[in-house]
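Read through the structures below before going on.
What follows is chain A paired twice: with chain B in the first complex and chain C in the second.
Right, the complex of A and B next:
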């Protein structure tokens, strides 16, 4: 455990010295802060739009951090041969890989926390501004409320349930981070980036893929009935079903988010978290399996 | 029984996209094969300085990488301290400095060593004490608070050496520890290696700088194109017979030396002194006798034996053509 912590903290140190991280973070914070301005364009609930935009920013930029920072972490160790001295130390390769994972995850989560703080401030500020408060006083009050809100999740009515959503988002990012580590344990940064983004998109569209498979099956059944022939499930059906079962069901996480924003209730999250933990563990096991027998350059 | 033993160690590199193994299942996307190491059997004794020598691309680094668990051998086996490779307990008792080390350059010298100390599971107090001592030993105390990014090549090599000694290891593996260092730096590394042996540690190092190896090694193995050419103590490998004699004479006339010229291998004059190489012992004695009789003075007489470099060239010249062996 000590060894994993040492590697994780070292990875975190490395990641926070990476400039890409700050570029991504600045973009995210800008989007979150300007969501109030953008929300004036909507004809429906302004607060809902601010929340949607904020969550989208946290989620997408969280993924961006996991991908852009994560895919080069393991690769750099191999490329710069720093792994040589690590492997000769009394630590297992699995500990190295887990250390890398948790270090990256820590980086992602710390950034989510920063984005969340700005998000909470943004929500409180816009609520205050809508109630007609002065600029300076509203800003000060919203910063105070934002900070307090990080600790006391349900302290304020407008941000009720939002922290649950953040937890769910963190879990979703844990899966994406695991994929970034998995791919980077055997391929180049560019390929890993491509694979990780692809997995994220496919994961988000998971339910659509299943629906697509159902449609294909439906059509095949109709055709079989019309021709009075026995039903053979087409290749496209098996392919889609296979793909849907291999990629993570990130749609489930998204459902938790929409539930919190639009229905103001949070019932889905415990199951989703459990699913996330199990799925992440599976992916990490696979990554360790590949990495532990790998020949380094 | 040796502290390091290898038995028929062979490594064939395959340039590939994916290369991973699960027991008997092997997944590989491959194209080109290179034999980097072929049937290497070694036996290194406790407490000796063992030099793995050979030109670039001879397979030295490959052998060390296999011993360190960075690469897996294609065939053959190896044992460290009687245990198979990769044993955790053994890893606690060895140190390793890779070739041309590149470390986490965002870390400061101190942080860097502290990180490695943590990997050995050392507590904070032990780490602090150890780091202070090591920085002093490698002469980097003044640079402890500077990021490695700003270190020179020599400083990098020294902090790498400190890293390899963090756990007070029983065996130290050093891959080309002197490459890229100036003469003074090389001497410092040499001194550290000798002091390690004096502390009872075993040092296994690779080098292509033969003169350095000659000065400190108890035994050497010479690798060439992946194959072991010879193995043994320097005394047993190098011919003990005198190859030729180096003589320096003063106060003899040019005519006198001109008469001797046909019987000498070389004859040169500088600052009034004659520098002479003679092949035969008898010729040497006769020359000295006659020169002193003619009023000359013998300044220097040196019997020259075969150096490791001579031996190496002799070995290598008899070897077959390369197959494009890798490092």
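Right, the complex of A and C next:
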């Protein structure tokens, strides 16, 4: 445990020195702050738009951080041969990989926390501005409320349920980070990035894969009825159903965002969080499995 | 030195190139400004299935961006987008991506309904909104407004009102819409029963804010009920005799025998009793409430008193004014108070015309009403007033009057007893 913590903290320190992290973070913060300006274009509830943009920015740039920083973590150790100094010590490969994962996850979550703080301040500031508050006083009050909101999640009406959704987003990012580590453990950064992004896209479209399976089955049923023949489920159906089970269901985590913005009530099946934990653990085990058999030469 | 020379030369070349480019750009800007701007939506949107796939799970984010785009397309083309189909397409995609943004439904109703009168599309929009947001009153409420104002389909409006009432937090005023629509549809007894019940409930619940509103609505239901009965009898009389009767003549001829009408005295008494027993009496049992409302309707052999003002029933009857029949057959039966108000308003408008005439003619009064009003004078010279009297004009005093109320200006005080 001590070893994992040491590697994780070291990974975190290394990651926060990465310039690309700051570029991504600045873009995210700009988008969050810009949401207030963009919301002027709507004709209805401006807060909905601010929240929508804020959540999207946190999620999208969280994924970007996990991908861009994560894919080169293990590769760099191998490329620079620094891994020899680590594995020559009494540290298992699994500890090394878990340390890398938790270090990267800490980096992602810390960045999410920063973006969340800006997001909350932005929401509070816009609420204050809509009520006609002065610039300085509203900004100061918003900073205070935003900081308090990080601790007291539902202390203010406009930010009700937002922190809960952020936690759910963190779970989603934990899965994406695990994939970044998995691909990074056996591939080059470019390919790892490609694989991780594709996995993310497929995970987000998991629901569509199920719908596709249903459509295939429906078509097969119609054909069977027309030919008065017994129904044989086609290969495409089984493939799609199999894929829907294998590919991470990231859409399940994202559904709470819609609820938080438009329905004022977030309901999340507790199994979703358990699914996220089990899936992440499974992917990490797979990564350890591959990494433990990898030849460092 | 040589280094500085080459640097200066390069700087000069750079400035010359960029300066030339800016000069050309300035020319282009000038040319573009000469071409009048016409907005054309260049965004091609495939079906929502594909847009959804492209959004990679960021459905809400994509939906909100398209929502902004929809507003811009509508506004940029100055409320006349190329076609309502464009707006409907935007609406379909946005609400397929995120069906919970109720503002999109409201805006789409405006864009395709109010602007293009596409009732079929509005029905689709409202139905989709209700399907996805069954416990949100906003969409059916907008649908009811549209069905009432634009489609003039009161049955549809009532259906939407009932759906709006599925929202546990629907505002009180939606309750009264159904009764209002009943009045418009000639279902006076239904409206009367509804408002009577709500009025008593408001008293028992000690909700004074609602008293005035509900009393007005109850008055209106009873008033319209009375007027419809009188209208029907008057038109039948006119068809038979070629003459317009007075309400008294209709009454005397038994035109109101066996007609179901609200019993005004009973209603007044019931409400008075409810008010007196208000303190701590709690809700009335439903069967008692039903009996109370039912007893408020009676089969009459004569026309009962008009319902105006439960507390101080100063104006007690109706008049038939044939002058209104041709223009608006729905309005030619008036409650006395309304008839008096109408005469007062007419007198005021003539008074201001007299003043203008005198200003233009060195203080002289117009010799005749024709000289003052032209063709409009026919109202006063060829027709009787609502109370059956003759309009009078005195050029000596510059006064419009009538044999019913010799000094019409005083009608402003509405003392017509």
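The rule is short, and it goes like this: the second predicted complex is superposed on the first by the 294 of 297 C-alpha atoms of A that agree within 3 Å, B and C clash if a C-alpha of one lies under 4 Å from a C-alpha of the other, contacts with A are read in each partner's own complex, and residues count from 1 in each chain.
Throughout what follows, a residue touches a chain if its C-beta (ideal position, glycine included) is under 8 Å from a C-beta of that chain, and two chains touch if they have at least 3 such contacts.
None of the values given here were measured: they were computed from a predicted structure.
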item: Simultaneous placement of chain C and chain B on chain A, clash or fit; value: fit
item: First, second, both or neither for A:221, with chain B first and chain C second; value: neither
item: Which superposed partner A:91 touches (first chain B, second chain C, both, neither); value: first
item: Chain B versus chain C as contact partner of A:10, first or second or both or neither; value: first
item: Which superposed partner A:2 touches (first chain B, second chain C, both, neither); value: first
item: Touching partner for A:56 - first (chain B), second (chain C), both, neither; value: second
item: Chain B versus chain C as contact partner of A:205, first or second or both or neither; value: second
item: Touched partner set for A:258, first chain B, second chain C, both or neither; value: second
item: Touching partner for A:290 - first (chain B), second (chain C), both, neither; value: first
item: Nearest-approach distance, in Å, of chain C Cα atoms to those of chain B in the combined model; value: 30
item: Where chain A meets both chain C and chain B, residue numbers; value: none
item: Residue ranges of chain B in contact with chain A within the complex; value: 17-22, 65, 68-72, 88-89, 91-92, 94-98, 100-104, 106-107, 115-116, 118-121, 160, 163-164, 173
item: Complex interface listing, chain A residues touching chain B; value: 2-3, 5-7, 10, 13-14, 17, 80-92, 186-187, 289-290, 293-296
item: Chain C residues within the chain A interface of the complex; value: 52-53, 56-61, 64, 67-68, 71-72, 98, 100-103, 106-107
item: For the chain A and chain C complex, residues of the former touching the latter; value: 38, 41-45, 48-49, 52-53, 55-56, 59-60, 200-201, 203-205, 208, 250-251, 254, 257-258, 261-263
